[in-house]
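As written, the chain order gives the labels A, B, C, D and E, with residue 1 at the start of each chain.
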């Protein structure tokens, strides 16, 4: 069935990245009830193995190369022109590493309390699905992975979640599925139309992107079919309401993974299947996206401010943060796009950590209500300190990872979407407002009866938290290695957009001594950006 | 002119080509005779025999598949039967259906007076009827096949004499079925009037010349309308679906699965035969109707499914919405009807049929098992906490439900993908999008069942569930098929693609 | 020889018969009579077949009628079988009494 | 040598890390000593760098030390780099120097506090950030320090976080600063889009060579001004500073008097070429904001009873002077006043701290008085600070303030008038404070055990309250606390030497030292006032200034010491013109309601719509369900209708039509 | 007009009246027995029309099979079950049923009639293909011969298929008439329990 073609490297590392957790999940599911200690062990092995491979991947990734690496391509369903086509580039690389990192931590750090076996099985399956979505370079393969992740996540929420878990899980499933409904049709249409240009039917992303040339109007329709699915996944206002419920009701592991990597499927999709596949359409529609993004930033922040449920607050903060990423994506400058990709990682780390901490609070107090928590810093200073650092990173304090991404996004966006950026920057103020306010209410003050013996951070929890903190600081101080790997892919993307549109990326520089130069670069260019934006 | 009797020569009968049907027929007779003459057979032997017979027929069909791919298609017995991969594909589908249903029925019938050869004989005969429908090249033959299948189903539906619901479903099915087939017959008559023949091939050639636009046009059109009514009834397309929920719920569960698999497959095959193959020159007339039927079927089926509280009934409505999906495929096929390359419509339809057949039998098999232990209760409550009582059973049901919802890595996704792709390739974007959106509504119902199984706690006093071997085998086989096809569907797709080369 | 009356008249007659049969099935509650209505409809079809056969001077129509009669016979047998099996349990039941399954 | 500039931040960072790791083990007071040493170490390295720069020729007194490339993306290349030039080193010197002294003081002051080591952890982190702020080679590094100090100030203000007021004050400080940071960030974006770099050298050079369009320059300057008003507590964003007094006194001294709050002024000075090339009304705006803030805060200070609040408002007012100087192009004057102010304000804060310490956490001046007998050193040093800030020659404040007023007059008379009035008020309220605290009769005995103790009371630690009441004697603070006082007093006294004007025949050799020193940095932006009337009549100005100071003092003396005149402390002053109240009300009422509105919209409308769809579908289905009546005849009817419709389509629409 | 033509009209209309009258009787008569008799009338009428159209064999079969067998079967069942008590037709439990029926009946008739009338002339000119009905030949057996030839010729498959159909009927009746041991207390749940 699988007519193998020789990939660049012998060992199909990418396929392994998907299969190892998948097989692990299968094993866990098949383990006998009589050996309750085994599942965790197996799950851990599988996830750590995946982590090891993803790190190896990062290590042997060719920094300068803008194309796809470690490509492996095999014919899968010949009749439909579908091939098992995987590849990594600067955009997906770190998302994969993040996926590899989050799951072992979650598996170690969080105790499901009941039915550990299925829990771990679903978790590993989820990892496989997420990996697949990030790796696949074939529309069909991407779609099936994009779609399959719903199932484990659905069961995780519905099976191990909180009070309204079934409602939340169902909402999550249906909402996302509705989005993908349009995507599936658009995807098939893309292939059908592309086959006219190519002369043969293929679902291969690269071949379509290179070979097919969509008429403007067609491309726009197709793009929107895709974009709806991603907009739901990101999520963008107004299709975001599944997120607060899902996040709030999901078990900690679910929330961490959801915020950490699954939301990125949306933004990643916008990059890979929006900008890359439909450059013209995505550029044409940028005012819409920029506006939605900015609305999301402000709206999410405001909503977060007024939440009474700590987890819900973090969820809404996610809406705001993801808004930044979308803003960066549709600003079409190297800085904003690189910042966007970087921010995907950063948001994954900091918000993931936030959910982890909120989960720990719930473990201890069995409440998420801000009103019922107070004075924790007095009784658990180390825990509070950890929370503080993560919170500051989420606020975007320089020196921590959150800042670098946000700043790059805004700097880049300012060149082409000046006024959107000005408004978006307000989100930075609001972020401080809602997080600090929540922090004050939860951690400051004198602890009352219920909170006065709030247990301090345990060693195990600390160990789980440590990688997060490490990344938060490291990525804040020395993001260069990451950026260096991201940039080539981004440049290629922008070049592609420039090919298909009259867009020219503004590259502000000033040659001292030559007059007038600054004028153009400094003022005219962004001004144009505005006009395009308004028009 | 008069034909001289002494010079009369009967048509050439391709015995080998008919062997699947003959095998089934012979099997039926043997089963009935031996069954009647010998005392009660030991446990499960009837089912085994039935499965063997059907299996043999299926194998023969595969053999003929080769023959067809080598020597091309033709028509048999004076053009009454089409000998092409379409019929073979459906023959195989139906045989698989019979095998699985037989396995499921065994335990179900055990201990009831029905635990004799008759039920199985009826399965086999119904299968013959279905195969005839699928391969008929003559409207009369098709009608006879349809009646054979229907009558068998009427009886089977009413076969559980201790259940008033079974009886009710039987009578309802019978009255409405008779009503519908009367329309169908009248439609045949009118088409006959317009084209001067009931033979599909001749019909096509007669129409290719083009009946004069004024007169027979009207007659033919009226006929087509009534034909669509008859077929629409069989495939349970809204508004001709009204019987489905009641009958599916009332009939003995294995029979329900038989209706939903074999019945639907045969009916859709007949639809392809009559409309796509037989009436391509009227495609612009009937395609909009199919479009409309698909739309209402999808919407009504899915949205009514989510408010049900009885799993059997839910599955009934879900089968209606699946019919809607298949109609989308038929609509796609309509675009290319009569062309040298009819396009992806027909393959998509037959692919959907075989995949759905297995799915639905598997689902109902699980319902059978659960009902066995809940005193026949098939309401949602009976499924509470199934995951606690029998995790693997719950897992299997989950697989089937997810597949029906069209989740990737299951055959259900391949099926849906096929029809949607077919629709999109002929630019029927609207119906494709509607279908996908409606699928979301339907998904809600599947989720409801899953939630009940996985998150609810078993009703107190729920005794452990015993899964009989035969049913277990059927379920495992179905699950395996569902997943395997979900991952490596290529071979099946290739097979389905050949049906476009039907006998003309 | 039927030139005088004309096929159309026969067809119209058949159509009328068909319509009456269909109408009857909707208005009568007694299942037996509903069966009869189905028979009426089948006969209408037969009439049409024969008329058209004569019209087209083509025997196939008549053959079809032959088959239809067999079908009708079988149908009645089975139908009455089912009906008997029900009415034995609940004598005097009308079609409307059999409405446990709904929704 | 100057390449070792990175040592300046390195030491505090090291201190921070060490305390982070071993703080609990080191404990009280070792951690404090460690921190202090680190800060002094970085002071020493600053001094070394200073002398190194001194040794260089004036024009190339500028060394850039790049550690590593921080955020490199495409044309956007930002290094983590330090700029050692006269301005940054000047800042470093007094930041680390005074910072060190304050650390030292804090060792004594914080003695016995449960979170002793954490306090110094934060302090070191703060000094580190502050040095980053001043040493930054580009806007982003400065911003790193900028936000860093903001965060530390948040942590330190909310240090006693179990106190509601403290926590709130910390949050308020951070958020208010964020508003300013918004401006700074936009300024950076604009700068990048204009000159493609964030480094000061490029930005300033582009301004000097005229590359930078006046429009862009003005925008950048104004946006940075927003940031400055936030960080330097100017109108309209000064709100957080008075509340910040919730923090431990050394914090107030270090952050909210000496160092952080001068960040805004520093930043504007740093980019003085940009201001210079922007539209004329931009510097004017800066000047007016400064002048108005100065007067505004001074009036409020008149009516404060909390010993620290007075100082807080006076700080706001003094920084107003600096802004005034910046706006009028007197950058040297601004820096000069910044330095002197750092000295004497830190002194006074520490003095206040010492008093509070001696009074067992009592902050209400109405419960003090006659303390000079009990804590002579504190009193003595405080009085020097008082004379300095009041502008009495020859103390440092006199010189720097005089310089500013000179520039103000050179620019426009109204500004000068405002300045003078502020000067009078300053002298007045400082005198009032000195009298209330150190002179008059001792009110702490009489008032010791009554409960009209105002707002501070709720802040008091229960144990301390117990102490405060009943019989107790205020006591002088331990040496570790008064030594810094003495040193600072010395600085406050002689600080003027830094930049003596050419008056009273002061020889060239020692006049305008600071100006010469800073020249390479500020020469482009520095206003040339040599031609103005004011410049020619310096003596008059000096006379007026001195007169103003003395009159203020005299007036206060009559009112509070001699009780000749009834004190006039209108509540509008006491309540800071109700500005804070108004803002808080706005945030609390309409603002909050607006937010709530949006949130409800989200829950009810948006989510409601989503759930609504579900409900709608289910409802319709439940209705449609009833159509399935179970009556076989009705089913037949439905089928029949279907038949008719189909026939209609085929026969009528497709056939007949 | 010649008398043959006249005769034809007489035959046609009388038969038509029999048919419709009988049909109306079926749906209008309360008593099932009467209804069955109405059915007989209709069937005879149809047979007459068959004769008129020279389909002698079919006419014979019509009388034998239908009138002879089927109706008798009906009557037999009626007697067996004693369901001959008449149901009052004036009341209609399902509200909109009658209007529904009327709409459908009239619509059906109207639309079919429209199609037929429109088709009229076309039908006349459309030449049949295949074997002719051999109506006009004097030879009375011709029709039967042709039918036989056609039956065992092109339609032999269908012909054989009818046997399968009969097998269904047999097996079905066996199944439906088998005796089931009565259960005690056949409540509804009990009914379903045998579902398992």
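Keep this in mind: contacts are C-beta pairs under 8 Å (C-beta built on N, C-alpha and C of every residue); 3 or more make two chains touch, one makes a residue touch a chain.
These figures come from a predicted structure and were not determined experimentally.
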Length of the shortest touching-chain route, chain C through to chain E: 1
Partner chains shared by chain A and chain B (touch criterion as defined above): D
More contacts between chains, B-E or C-D: B-E
Chain whose Cα centroid lies at the greatest distance from that of chain A: E
Relative to chain B, chain with the most remote C-alpha centre: D
Chain nearest the global centroid, as defined over all protein CA atoms shown: A
Centroid distance [mean C-alpha coordinates] between chain C and chain B, Å: 26
Chain centre separation in whole Å, for chain E relative to chain A (CA means): 69
Centre-of-Cα separation between chain D and chain B, whole angstrom: 79
Centroid spacing, where centroids are CA-atom means, of chain D and chain E in whole angstrom: 101
Numbers and ranges of chain D residues touching at least 2 other chains: 625, 628-633, 636-637, 640-641, 643, 647, 651, 655-656
Residues within chain E bordering two or more other chains: 94, 97, 100-101, 104, 108, 111-112, 114-116, 118-120, 123, 126-132, 134, 146, 149, 154-155, 158, 162, 165, 168-169, 172, 176
For chain B, residues that touch 2 or more chains besides their own: 140, 144, 147, 151, 154-155, 158, 161, 164-165, 171-172, 175, 179, 183, 190, 193, 196-197, 217-218, 221-222, 245-246, 444
Contact pairs between chains, per stated definition: A-B, A-D, B-C, B-D, B-E, C-D, C-E, D-E
Touch list for chain A against partner chain D, complex: 171, 175, 237-238, 240-242, 299, 302-303, 305-307, 333-335, 338-339, 375, 377-378, 381, 392, 397-399, 403-404, 407-408, 410-412, 414-415, 421-422, 425-426, 428-429, 432-433, 436-437, 440, 443-446, 477-480, 483-484, 487, 491, 506-510, 512-513, 515, 517-519, 521-523, 525-526
Residues on chain E engaged by chain D in the complex (per definition of touch): 94, 97, 100-101, 103-104, 107-108, 111-112, 114-115, 118
Chain C-facing residues of chain E, complex: 1, 4-5, 8-9, 12, 16, 19-20, 23-24, 26-27, 32, 35-36, 39, 42-43, 46, 49-50, 52-55, 57-58, 61-62, 65-66, 69-70, 73-74, 77-78, 80-83, 85, 87, 89, 92-94, 97-98, 100-102, 104-106, 108-109, 112-113, 116-117, 119-120, 123-124, 126-136, 143, 146-147, 149-151, 154-155, 158-159, 162, 165-166, 168-169, 172-173, 176-177
Chain B-touching residues of chain E, taken from the complex the two chains share: 111-112, 114-116, 118-123, 125-132, 134, 137, 142, 145-146, 148-149, 152-158, 161-162, 164-165, 167-169, 171-172, 174-176, 178-181, 183, 186, 188-196
Chain B residues touching chain E - in the complex, by the definition given at the top: 1-3, 5, 8, 10-11, 13, 25, 28-29, 32, 76-81, 108, 112-114, 116, 118-119, 121-122, 125-126, 128-129, 132, 138, 140-141, 144-145, 147-148, 151-152, 154-155, 158-166, 190, 193-194, 196-197, 199, 202, 206, 211-212, 214-219, 221-222, 252-253, 368, 371-378
